[in-house]
Amino acid sequence: MRPSQRALDQMRTVTLQRGVAPFAEGSCMVSFGDTKVLCTASLEEKPPLWLRGAGKGWVTAEYAMLPRATLERKKREGTSGRLSGRTQEIQRLIGRSLRAVTNLPAIGERQIILDCDVLQADGGTRTASVTGAWVALWECVQWMQKRSMISLNPLRDHVAAVSCGIVNGEVVLDLEYQEDSTAETDANFVLTGSGGLVEVQATAEGKPFSEEEFNAMLGLARKGIADLIELQKKVIHGA
Amino acid sequence: MRPSQRALDQMRTVTLQRGVAPFAEGSCMVSFGDTKVLCTASLEEKPPLWLRGAGKGWVTAEYAMLPRATLERKKREGTSGRLSGRTQEIQRLIGRSLRAVTNLPAIGERQIILDCDVLQADGGTRTASVTGAWVALWECVQWMQKRSMISLNPLRDHVAAVSCGIVNGEVVLDLEYQEDSTAETDANFVLTGSGGLVEVQATAEGKPFSEEEFNAMLGLARKGIADLIELQKKVIHGA
Amino acid sequence: MRPSQRALDQMRTVTLQRGVAPFAEGSCMVSFGDTKVLCTASLEEKPPLWLRGAGKGWVTAEYAMLPRATLERKKREGTSGRLSGRTQEIQRLIGRSLRAVTNLPAIGERQIILDCDVLQADGGTRTASVTGAWVALWECVQWMQKRSMISLNPLRDHVAAVSCGIVNGEVVLDLEYQEDSTAETDANFVLTGSGGLVEVQATAEGKPFSEEEFNAMLGLARKGIADLIELQKKVIHGA
Amino acid sequence: MRPSQRALDQMRTVTLQRGVAPFAEGSCMVSFGDTKVLCTASLEEKPPLWLRGAGKGWVTAEYAMLPRATLERKKREGTSGRLSGRTQEIQRLIGRSLRAVTNLPAIGERQIILDCDVLQADGGTRTASVTGAWVALWECVQWMQKRSMISLNPLRDHVAAVSCGIVNGEVVLDLEYQEDSTAETDANFVLTGSGGLVEVQATAEGKPFSEEEFNAMLGLARKGIADLIELQKKVIHGA
Amino acid sequence: MRPSQRALDQMRTVTLQRGVAPFAEGSCMVSFGDTKVLCTASLEEKPPLWLRGAGKGWVTAEYAMLPRATLERKKREGTSGRLSGRTQEIQRLIGRSLRAVTNLPAIGERQIILDCDVLQADGGTRTASVTGAWVALWECVQWMQKRSMISLNPLRDHVAAVSCGIVNGEVVLDLEYQEDSTAETDANFVLTGSGGLVEVQATAEGKPFSEEEFNAMLGLARKGIADLIELQKKVIHGA
Amino acid sequence: MRPSQRALDQMRTVTLQRGVAPFAEGSCMVSFGDTKVLCTASLEEKPPLWLRGAGKGWVTAEYAMLPRATLERKKREGTSGRLSGRTQEIQRLIGRSLRAVTNLPAIGERQIILDCDVLQADGGTRTASVTGAWVALWECVQWMQKRSMISLNPLRDHVAAVSCGIVNGEVVLDLEYQEDSTAETDANFVLTGSGGLVEVQATAEGKPFSEEEFNAMLGLARKGIADLIELQKKVIHGA
C-alpha cells in the first residue's frame, strides 16, 4: 500500500490556479498533493545577451525553494552565492521543456522568465513546476497577444511532466516525498500534448533497473501526463 | 487624496492568516493591502555557534522577495551571493524587533528563525513582516509549550510595526508603493503591546523634516500599531 | 558617573583636521575622543551607470575599519567578499546624510565618493564619519569651484551627526565604546545646520524606551550637533 | 553519411590506458576518437562529513575541461568560483554511475574521488569519463586490496556509458561534436556489465522524439556499451 | 648525494613535445623529470579591454594543477572561486617572462593566452611552464604567419627558466619536489637566449643566504638555461 | 636628474613612528617620502589551524591600500571578495621576510598578524611595509616579554627592505611612483641586520637586464638597508 493509500497508477490531487500574481504577465499556483509551487512568467523586452540580433526570443526558468518548504529548514542558496547541482539541473530541465513547445522566433527579440518558487515540497517539485509553468507561459503569451505584440501564438503544444519510480519493487506514479526518499529507481518524464517525448531521466538509486521496468514507468507517465494536460486545457479555457 | 482613496491616518486592510505552512513550527501569511508576506518560524535545537553554552537562545530573521513580487522582475539575490544593504537592514530590523519582546533564556539553548518571504510587494514589506513574524513566533512558542520543551512563555509582549511618511507635504500612515516612491520623508516604527518604542527609523529622502512632523508621524504610528496588535490578539485567541 | 568622567550631556573632544590626504580632492581626519576616521572625497568624472544622462550627479560613501582599529583584531571584510549588514547600513547612512544637503544637479554628471576609513574605533564611528565627511565634501566642492567646473555651490547646508543612548537608565550624549556596548537604547541623529532632521535611528537593545526618553535624546543630540557644526564652520573658514 | 564516415551504429576508436598518473591510487586515460579524458582515483582516509560514523564509504567524481580542450578556448570555471549547471550535472552523473556498482560498506569509512579532466573534447566527454573512471576506480580498489585495507572486492560489476542521438532523422551511436551540436535528440545511457540500466537521459533539442526512436537509441547503446565493457575487461586483465 | 643521484649542476631529463593539442594554435608538452605540463597557446582576436585601441597586443598566462598532479590530492581552486597567492604569482611570472621577448605591437590588436596545466608535479612546475610555453607561443606565431595575419615575427628571442636552491648547504640546479621541500633557499631564474636576465626571485626559507651563494645559483641557472634553449631550438627547427 | 632632485643612490626621507595604534600590541607608522603605511601587530593566542600542536607559532602579514591612497581612487578589493595577485604577492613577501628573522618556537603556540595599511602610496609600499612591520613586531615582542609570556626574545635580527631599479638607463635607489611607472627594471631587496639576503626579486619590465646591472642594484640596496636598520635601532632604543 502506498503511504497516501493511492493505487500504484494514481496521481495525487492536482490543482492549477491561474492569475495568482497580480504584477506578473502570467502566473499559476500548482499543487500536486502537498507540493505547492508558485509559477510566474515575466516578459523582458530584451533577449539574453548572447541572442541579440538573432531574430528570435528565449524562454528560461529559475527554480528555488523557500527555506521552510521542507520538513526541515534548508539554508537559502543565496547565502553561499552558488546554486546547487540539483537546483541547476531542475531549472535547466524546466527551461528546455518549455522551449520544446515554443516557437522562439514568434516571440520576437524578447525573453520570458518562468520563476518557479516552491512554497511546499512533498516530492515532484520539478514535475509540478513544468506543468504549472506552462500555464503561466500561456497566460503571458495571451497578455502579449492582447497587446498585439505578437501576431502568431508561439505555443505549439502543451507540455507537462510527472515522476515515476520503483518503490519496494513496484512501479508507481507521482511519488510523494516519503516514497521518493526510499525509491530504488527515480524517473521524470516530460511529454507534449500530442504524446511526443521531450525529456526522459531515469536513475537507479540502488540496483540497476530493467528495460521492462523502464517501459512500465513510461506507460504510467503517459497516462498521468494525459490527465495533467486535460486539466491544463480546462484551466485555460474556463478562465 | 491618497491613491487608494484612504484617509491620511487610515491603514490598508490587514489580514493575518495562521498555520499556513504545514511543515513549520509556526507560520502566518500577512497582508497589508496588496503587500503579502509568508512568515514561517523554524525551531532549531542548537543556538548559533557564538552563543553555545551561554544558557540562552536566539531569535533571528531572514527576509527575501520572490523575483516577481514587484511590478518589474528583480534578480534573485542568490545569483550574486551577496545580500543587498536593504535586505540586510530589513532582516536585522525584524530580528531585533522580535528579540525585544522575547525572554531569550526562557527559550533554552535553541534558535528560532523567522523567514519572511515577500510574495507581493506594494510598500511596507518590512513592517508587515514584523507584524506577521510575531504571530509565527507565537505559534512556534505554543508548539514548544505543547511538547513541554519550555515551561515559561518566553514572549513578554506583542510587537508590531507600521510605516509613516510625508507625501506631498502631508503626514500619512502605512504607505503603499506609489506613495513610498515619492515620499519626502520615510519612517518606520516598531512598538510593543504596552506602547514602548523598540525601533524608530526616519529618513529625509528630499528636504529635512521638522520635530513637529516627526511627532505627527509617531502619533499616527502609535494608532496604527494599536490596531495591528488588536488584530494579533484576535488571531491568536480565535484559533 | 560616565567612564570618561564626562557630564551626561558632554561630548568628547572633537577635532577636524583638513587636507590630510594629499592625492584626494578633499579630506578630513575627524576624531571624537579615541575614535578616529580618515575621510577622503574622490571626484569621478562619470556618475554611476544608473544615473547616466539624468542631468545630475551623485554623492555616495564607503565605510571600512582597519582590522586593528578595535580592541580585538577583526577580519577584513574583503576576505569574504561580502560586506556585513552593519557596514552596509553605515555607508548607506553616510551617503544619504550628505545627499540631503547637496544640490545634485549642481554637481553636474559626476560622482563624489566619500571614503570613511576608521583608524581607531571607540564608539560613534558612523557619526564621526558623517561629520568629517561633510568637511571632505566641502573641500572637494571648493576644489571644483577653483577649477570653474561648477558655478553654483552645491552644498545647501551643513550636516553633522551624534549618537545618544540610555546607559544605566540615564540619557547620555556621544557614547564611547564601553557605554555603547552596555546601553539599553542606542540612537543616532543626523541634523542640518538649520536644525532640520535628516536621519533618526533609535533601537532598544534591551527593554523598549519611552517617548519621553526619545525626546530627551533628541534634545541632547540637537545641542551636540550645534557644537559640531560650529566646529565645521571654524575649520572651513580658518583654513 | 556521418562526418567521420562511420556507420550509424559504429563507435569511434576507443582506448583505455591504465596507470598513467604515477601519484594516484588508480588512473586511466580514455579516448573515444578525439575525445580524451584523464581519470584519476584518489583514496581519502575519511568519508565526507555527512557520512561520518555511518559504517560505509563514498565514491564521488569531479569533472572539468582544460580551457583549450575545445575548438574555441573556454574560460576556466575557477575564475568565477561557480560550477556551471552542465559541469554539475556531469559530475553528479559520473558519481551516481560508479556508486551503482559499488558496495559502499565494503570500502570502509573512506572516500574515493574520481577526477575526470578533459584534455580534448570532441563530444561524449561524460560517457568517456564514466567508462574510464570505472577503470581508475578498479585500480584503486586493487591498490587497497594489495595493502589488505579491504577484504572484499567492493566492485559488484562493470559500468560504462555511451551517447546516442537523432541526427538528420537518423538514430546514431557515439556522437562526435559536429553531430552533437546539430542533433535533434541527444541521449546518454549508462549500463552495467550484466545489462542493467543505471542512468537514462534523453532530451529533445528541437522537436519531441517518439517511443520508437527512444527504443532504437537504447538498442544501439546496449551494443556499444557491451563493446566498452569487453575492452574494460581486456585492460584490467591484460595489465 | 641528490635523491635522484644527479650531480649538483645536473638538470633532470627534459623533453619538449610540440603540437600535442589538436585544437590550439600552439601547444607543447614539457617535462622536467617527473614534472609534466601541458602548455597551449590560444589566439584571441581581441586584446584585453584595457588595451583596446592601443595599437598593440598582449600575451598572458594561466596556470593550474590537476587535483591529482601531486602526491596528495589537492582541492581544485575553482571550488572556492579564488586563486591562491601561489597560483597568481606563477601565472604573472609566466606572462611577464613571455612578454619580455615579445614585440607586442607586432602581434596587432590581439591576445595570446598561454594555458599551463600541470599534469604531474615534482618540483619546478613554474620553470617548466615558462620553458614549454615559449614553444607553444612560437607555434602560435608560426600559425599566424602562415595565415599572413602578421608580417613581422613578434618573438625577439628565446626565453627559458630553471630553479636553483641551497639544499643541505649545497648549491644545486633544477630541484625536484623532495629537494624543494627541504631547501634552505629557493630561487627561480628566467633568462633569454642572448643571456639577459628577465626575472630573478630568491627566497630564504630558513636562514638568509649570502651574495656568494646567490652568485653560485645564478651561475648554475645560466648553464641550465643555455641547455634548455638549445633544446627549444632543436624542437622548433626539427618539426 | 631624478624627479625629486635626489642623487641616484639617495633614499627619500624615512620616518618610523612607534606606538601609533593604542589598541594594538605593536604599531609603527612608516613613511618613505610621500609613501605612508600604518603597521600594526596583533597577537592571537592561537596559531593558525594547520600549525596546532606543532609546538611553535607563526608570523603573517596582511596588506591593503585605502582607496584614495593613490592619485586616482582604486576600488576596495573587498568589493569583489578576491585579493589581486599583486596584493597577495606583497603580503606573502612581508610575512616571509619577518619569519626569516623570527624564532618561531620561541613565540609559543600563538600567531602575530602584521597589518600593513597603506594610507598614501608613492612607490615602495612593500619595502616600507617590511621596514615598519619589523618595528611593530618588535613592540609586540616587547609587550609579550613585559607580561612574561615568553622568556626568550624571538627576534634574531633586524630586517628591512628597499627597492631599486633601472630608470632611463641609470641604476637608482628607492623609486618613487613616477620613477617606478617608467622603470626598465624593478627590483626589491630584503636584507637582515647582519647583511644576509632574505628576498631578491628583480623583473625586467622592458628589455632584459645584465648581471652587472643586477649587482649595481644589489650594492645600492645594501647601502640603503643599512641606513634603514640604523633608524630602526634608534627608534627602538630611543623610546
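Chains here go by letter, A, B, C, D, E and F, matching the order in which they are written, and residues are numbered from 1 within each.
Note that a residue touches a chain if its C-beta (ideal position, glycine included) is under 8 Å from a C-beta of that chain, and two chains touch if they have at least 3 such contacts.
The structure presented is a predicted model; accordingly, all values stated were derived computationally and were not measured.
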item: Length of the shortest touching-chain route, subunit D through to subunit F; value: 2
item: Maximum centroid distance from subunit D, chain identifier (CA atoms); value: C
item: Distance between chain centroids, defined by C-alpha means - subunit B, subunit E (Å); value: 59
item: Length of the line joining the C-alpha centres of subunit A and subunit C, rounded to whole Å; value: 51
item: Multi-chain contact residues (two or more partners), subunit F; value: 81-83
item: Arrangement of touching chains [line / ring / star / complete / other]; value: ring
item: Circular arrangement of chains, read from subunit A onward through subunit D; value: A, D, E, F, C, B
item: Parts of subunit A lying in touch with subunit D, wherever the complex brings them together; value: 81-85, 88-89, 91-92, 96, 100, 187, 191-192, 194, 196-204, 206-211, 214, 218
item: List of subunit F residues in touch with subunit C within their complex; value: 21-24, 27, 34, 38, 40, 42, 44, 62, 64, 66-71, 73, 76-83, 113, 115, 117, 119-120
